[in-house]
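What follows is a single structure, and I will ask about it in a moment.
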Amino acid sequence: MPGQDLRVGIIGVGVMGGDHADRLARRIGGARLVAVADPDEARARALAARHDGVRAVADPLALVADEEVDAVIVASPGFVHEEQVLACIAHSKPTLCEKPLTMDSASSLRVVEAERDAGRPLVQVGFMRRFDPQYAELRQLLASGRLGRTLLLHNTHRNKSVPNADFRSEMIVRDSLVHEVDVARFMFGEEIVAIQVLSPAPTSHALDGVVDPQVAVFTMAGGGLVTNEVFVNCQVGYEVRCEAVAERGSAIAGRPQTGLYATSVGESAGAPGSWGGAVDPDYTVRFGLAYDREVQAWVDAARRGEVVGATSWDGFAATAVCTAGMQSLATGERVAVDLADREVVLGVGARAAQPIP
Amino acid sequence: MPGQDLRVGIIGVGVMGGDHADRLARRIGGARLVAVADPDEARARALAARHDGVRAVADPLALVADEEVDAVIVASPGFVHEEQVLACIAHSKPTLCEKPLTMDSASSLRVVEAERDAGRPLVQVGFMRRFDPQYAELRQLLASGRLGRTLLLHNTHRNKSVPNADFRSEMIVRDSLVHEVDVARFMFGEEIVAIQVLSPAPTSHALDGVVDPQVAVFTMAGGGLVTNEVFVNCQVGYEVRCEAVAERGSAIAGRPQTGLYATSVGESAGAPGSWGGAVDPDYTVRFGLAYDREVQAWVDAARRGEVVGATSWDGFAATAVCTAGMQSLATGERVAVDLADREVVLGVGARAAQPIP
Amino acid sequence: MPGQDLRVGIIGVGVMGGDHADRLARRIGGARLVAVADPDEARARALAARHDGVRAVADPLALVADEEVDAVIVASPGFVHEEQVLACIAHSKPTLCEKPLTMDSASSLRVVEAERDAGRPLVQVGFMRRFDPQYAELRQLLASGRLGRTLLLHNTHRNKSVPNADFRSEMIVRDSLVHEVDVARFMFGEEIVAIQVLSPAPTSHALDGVVDPQVAVFTMAGGGLVTNEVFVNCQVGYEVRCEAVAERGSAIAGRPQTGLYATSVGESAGAPGSWGGAVDPDYTVRFGLAYDREVQAWVDAARRGEVVGATSWDGFAATAVCTAGMQSLATGERVAVDLADREVVLGVGARAAQPIP
Amino acid sequence: MPGQDLRVGIIGVGVMGGDHADRLARRIGGARLVAVADPDEARARALAARHDGVRAVADPLALVADEEVDAVIVASPGFVHEEQVLACIAHSKPTLCEKPLTMDSASSLRVVEAERDAGRPLVQVGFMRRFDPQYAELRQLLASGRLGRTLLLHNTHRNKSVPNADFRSEMIVRDSLVHEVDVARFMFGEEIVAIQVLSPAPTSHALDGVVDPQVAVFTMAGGGLVTNEVFVNCQVGYEVRCEAVAERGSAIAGRPQTGLYATSVGESAGAPGSWGGAVDPDYTVRFGLAYDREVQAWVDAARRGEVVGATSWDGFAATAVCTAGMQSLATGERVAVDLADREVVLGVGARAAQPIP
């Protein structure tokens, strides 16, 4: 019966909101988009008009309260997340909140506590890489113990370029490195206890005064180390890799050699021809499938009353690490992460999200 | 409005039918499964019971005629395809028919003519590789002309093993090589005019008397050549590749290096360790995404009144080439393909399916 | 003592002769170049002058007879090989003869018989691929039996372009395909009993009337099949590959991904950047190391009184297969190879060359 | 004339000395081994006996002084290098000294000064990676400026296991990381000004108390950063990689995918089969060709009165960085490298070694 489809509302009609609307309309089973909300009501109407049977509302909180909305995707700017996600929890509506969960640790912790008090899992944070086939397989391999204990990760995160003139050094930590923070926690299954952000001489393609690339080192609770390169003006394309080093082997997720392989005439290096392929242009291409799988898994889990993927705690922990990272960026020194005790906040044996199916 | 979802019925509840049912329920937008049909009514009921709101019927033709079924997926055995697809055409219902279209050229041609007489495109044949990202990208690259004219293809088609004891030499042509037939026609955008099937000394893992592997050579209408290895008991896994050689470059779709890359301890070769990854176990893993995209594209096109992917003509042509291939298998000699004139059958300027979006 | 160095004379001072002279002077141990011979005495003198202590002579047979020459490299045009190699045998001098051994089967057989009658192994034919690390490792893997019996080979042989206007279709068989002939015999450890050469519509980069690319199929004595692409005007670079398919696995020698791997800005395909590397420009780069190892192995074996690598019989067999191949090229039909019986010619149990160390 | 061969003496008859002896005898042109020296005279005699015309002497300094020895390879333990290399300089004999140049900065500086005072280049330090085709090509690519300025390096250095029970944490810095030190200086063409060595929780395969793996970060004079993983008990094999990140692209030397590529039955992961290849077992296999090229280049340069590759200054600088590294290992803090001013020591415009041909 169609009534059993999950009726989804989306808050925020920017790039991510629009992508999720298309996704729900075209590639996701068991759900349908029924409403979109944005303070910019004209844009909300334009998005609604692209899909059959979708209403546009100006007030996000009205969308949350709407009885015909079963579940909510929060794709608005980070600084309004706290209010909106708390509203979703208050209305007991399953929520997929794009990262960051909120703008600082204290507010993220309030979300964690509100969900705890609600007594059932409601919030998934949009760390989509956990749903990328290769990242998921890497996590599985490490968790299987086949390679022994995990010792190191080396993460690479390269964007072709950043879109606007306001992209400062701190944003590289908060908006780009944050993905590596979640990857490190996901792969090790442990918290990050300290972070050091180093500032190499920057590329000439970065804005004046912006530290790009950055090299960050995480210390894991169990003593493992994670090295991270984040380079948001690399000019080439979107390249994201994670190499895990364990006691009896290593593995890499995200090598770019996954598309078509070609040889062709004419390469500048003096060689007559070249072999290779194209680097993905951006994250929507590289992680398009991961987003599809993430939203499908969220829909499926919501219909079962569960949460999969990254939890509100994961969102809180990522925020706490990035807060320490921004301090370290200023000094180059190692900064301890100020993290609440998970067992104190959530209780002993508080479960994590269901494993990704 | 839910009424706008395409209401789909599936005929046949074997592996493919069951997979498509899950797909429609879990990963496809804009459609919902409403009925399944199979002469084995108990199996049909079991499948229906796994999904909400799905009816089971015993008579496939009743499903086709059902007013609450907008479109049909034919996943029954090949020998009943003709009757079922003709019924779908008679009821003007968009149809996705698994390969083979029918069992011989004459019956396939009858389907082509019935669809022609119906006056609108209704039939898509399930050559899913056209929807595999790499095969699709290769087609695009060749069609773009960037590498000049296409000269050769080299196709590799390896299965770990074939499931049942009845898999004879002819079935390798009809059920396995048929995919390479469609690939060759798709990549060149031309008909195959002759085929030669060569019989190497067989592997000891094949049944007695079965020619496995086989090497087939296609001659294209424009003079291009295609070499094909089909090996259905290769023991390793499912490995499917297409290398195109053009005047100014070459390209390969389907290299297996697309999953996780790992190094690990312990390899039999005397070397202390190995690098590499896992070969896909079977076609459901290798082409799972292609099937998703195929069915989504079929749903989207059906809602627009169009057909994408392989047409009934493509299904007919593939059947005609395999018929000639089975003759060649018996003698090792080159056999001309007995193909009707497309323009005579369909009229000058008859359009192919819409390009894959 | 220096006297124990093998004193080598080179006949022919073209590209190959010059390369071998440099090789002996700069990268080979246990040997030194003492003389070069060429009817074009001026060129011979020019080459000699580039190296200390090397004499130039006009008459190749005088070089062969020279008491201060212990061993001879024959790098002259193919049509003078017979006379020169027979002279080397008559003087009991270890000889490394570039391919082809001679221009036709009858003359090659005369060389085989002369060496047989001399009573000791003297002649190595310059099939350098046997000394390429990857081709050698592939041979070892197949011979080890780890993958079971070898069933198929797929060979790829691409040159950027051919240097002169005289390069006709037959020369593609005799000068390029001949390497694949030796590879097939080397990998299977069997004779080729039939060959079929197919003529696809040619590239527009070939001379008028030249069949390029060509597709050749070999039938091995044990029933295995070998498909070969030879494409001498592929425009891209030099790309040579051999994929072996066996009962429990497959293996590829010669993938081009062995050099530097780079990502960089600017690729024509609309993608922002590309990953990959450079294709080798020609055979001197691709097989430079193989030539070094070949000549070093020849020197080492000559000092021990042995022959390694391809024997005169291998040279004869390759010539016989190419002779049949040129007939097949004219008709497209399969042609049986007219090969003498090895045991009749050489005696039962005649040993092959020593295995490559 | 044979007299023009470079007559080489080797000091030290361990693994490296023995390898170099074989190399000179079998794969190097223009030189011959005439003498070996080792305090363990029996071992020296055993090595000499394996080669024609080679004398064994007990006293290394006698070998240096020997008039029939033109040039010397120092392959003795590091703590006797200073005396032996100074003797070579005193006798004006071209010297190839295995790393480390000496055991501490002060003694290395004395060698630099002695060579300076000798007035002509005599000493090459055995950093063989500069002669590895891929490392050399990477250096060339970076120096060409095609990718813009170099920003970062990521080095990976993995050994299967270390041979003896004395391999302590400091030795990982001095004997393994030292290669990455030279790589960083070679690739950037700059000095290292600071080093930080981090200690992750160690693998259970390391000896008790040994920090393995280690993560080291170098700061280059121009502000570039280098991250290094050194892991000497990785269990898998020998894997050494260098990824350079520049303003408009990146490149990797040393990916392991350069050997045979195979698919085969039977992998532990539940997958039916695997694709990939073998990891090199150790440095003698991985860098065998680099050693050959290094020694050949040293011989060629010695005959011209030049030095190529790493100079005594490079050896001194590497020692100074490792000294700082061992301090950092103890504390985890960043330590500045105490390096003399090159222009003060060598004079303005002192030339580096000749570029590698």
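Letters A, B, C and D name the chains as they come in the text, with residue numbers starting at 1 for each one.
The working rule: contacts are C-beta pairs under 8 Å (C-beta built on N, C-alpha and C of every residue); 3 or more make two chains touch, one makes a residue touch a chain.
Chain labels with UniProt names: A, B, C, D = Inositol 2-dehydrogenase.
All figures in this text were calculated on a predicted structure; none of them were measured in a lab.
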Chains contacting each of chain A and chain B, listed by label: C, D
Furthest chain, CA centroid comparison against chain A: C
Chain C and chain D: spacing of chain centres that average the CA atoms, whole Å: 36
Chain centre separation in whole Å, for chain D relative to chain B (CA means): 56
Rounded Å distance between chain B and chain C, as computed from the means of their C-alpha atoms: 43
Residue list for chain D, restricted to those that touch at least two other chains: 141, 146, 235-236, 248-250, 257, 263-265, 269, 273
Chain A residues touching chain C - in the complex, by the definition given at the top: 160, 235-237, 239, 256-257, 263-265, 267, 269, 271-281
List of chain A residues in touch with chain D within their complex: 141, 146, 148-149, 151-152, 154, 156, 158, 198, 200-205, 213, 215, 217, 222-225, 227, 229, 231, 234-236, 245, 247-250, 268-269
Residue ranges of chain B touching chain A (in the complex, touch as defined): 1-5, 23-30, 32, 52-53, 133-134, 137-138, 141, 146-147, 248-253, 255, 257-265, 273, 289, 292, 296, 300
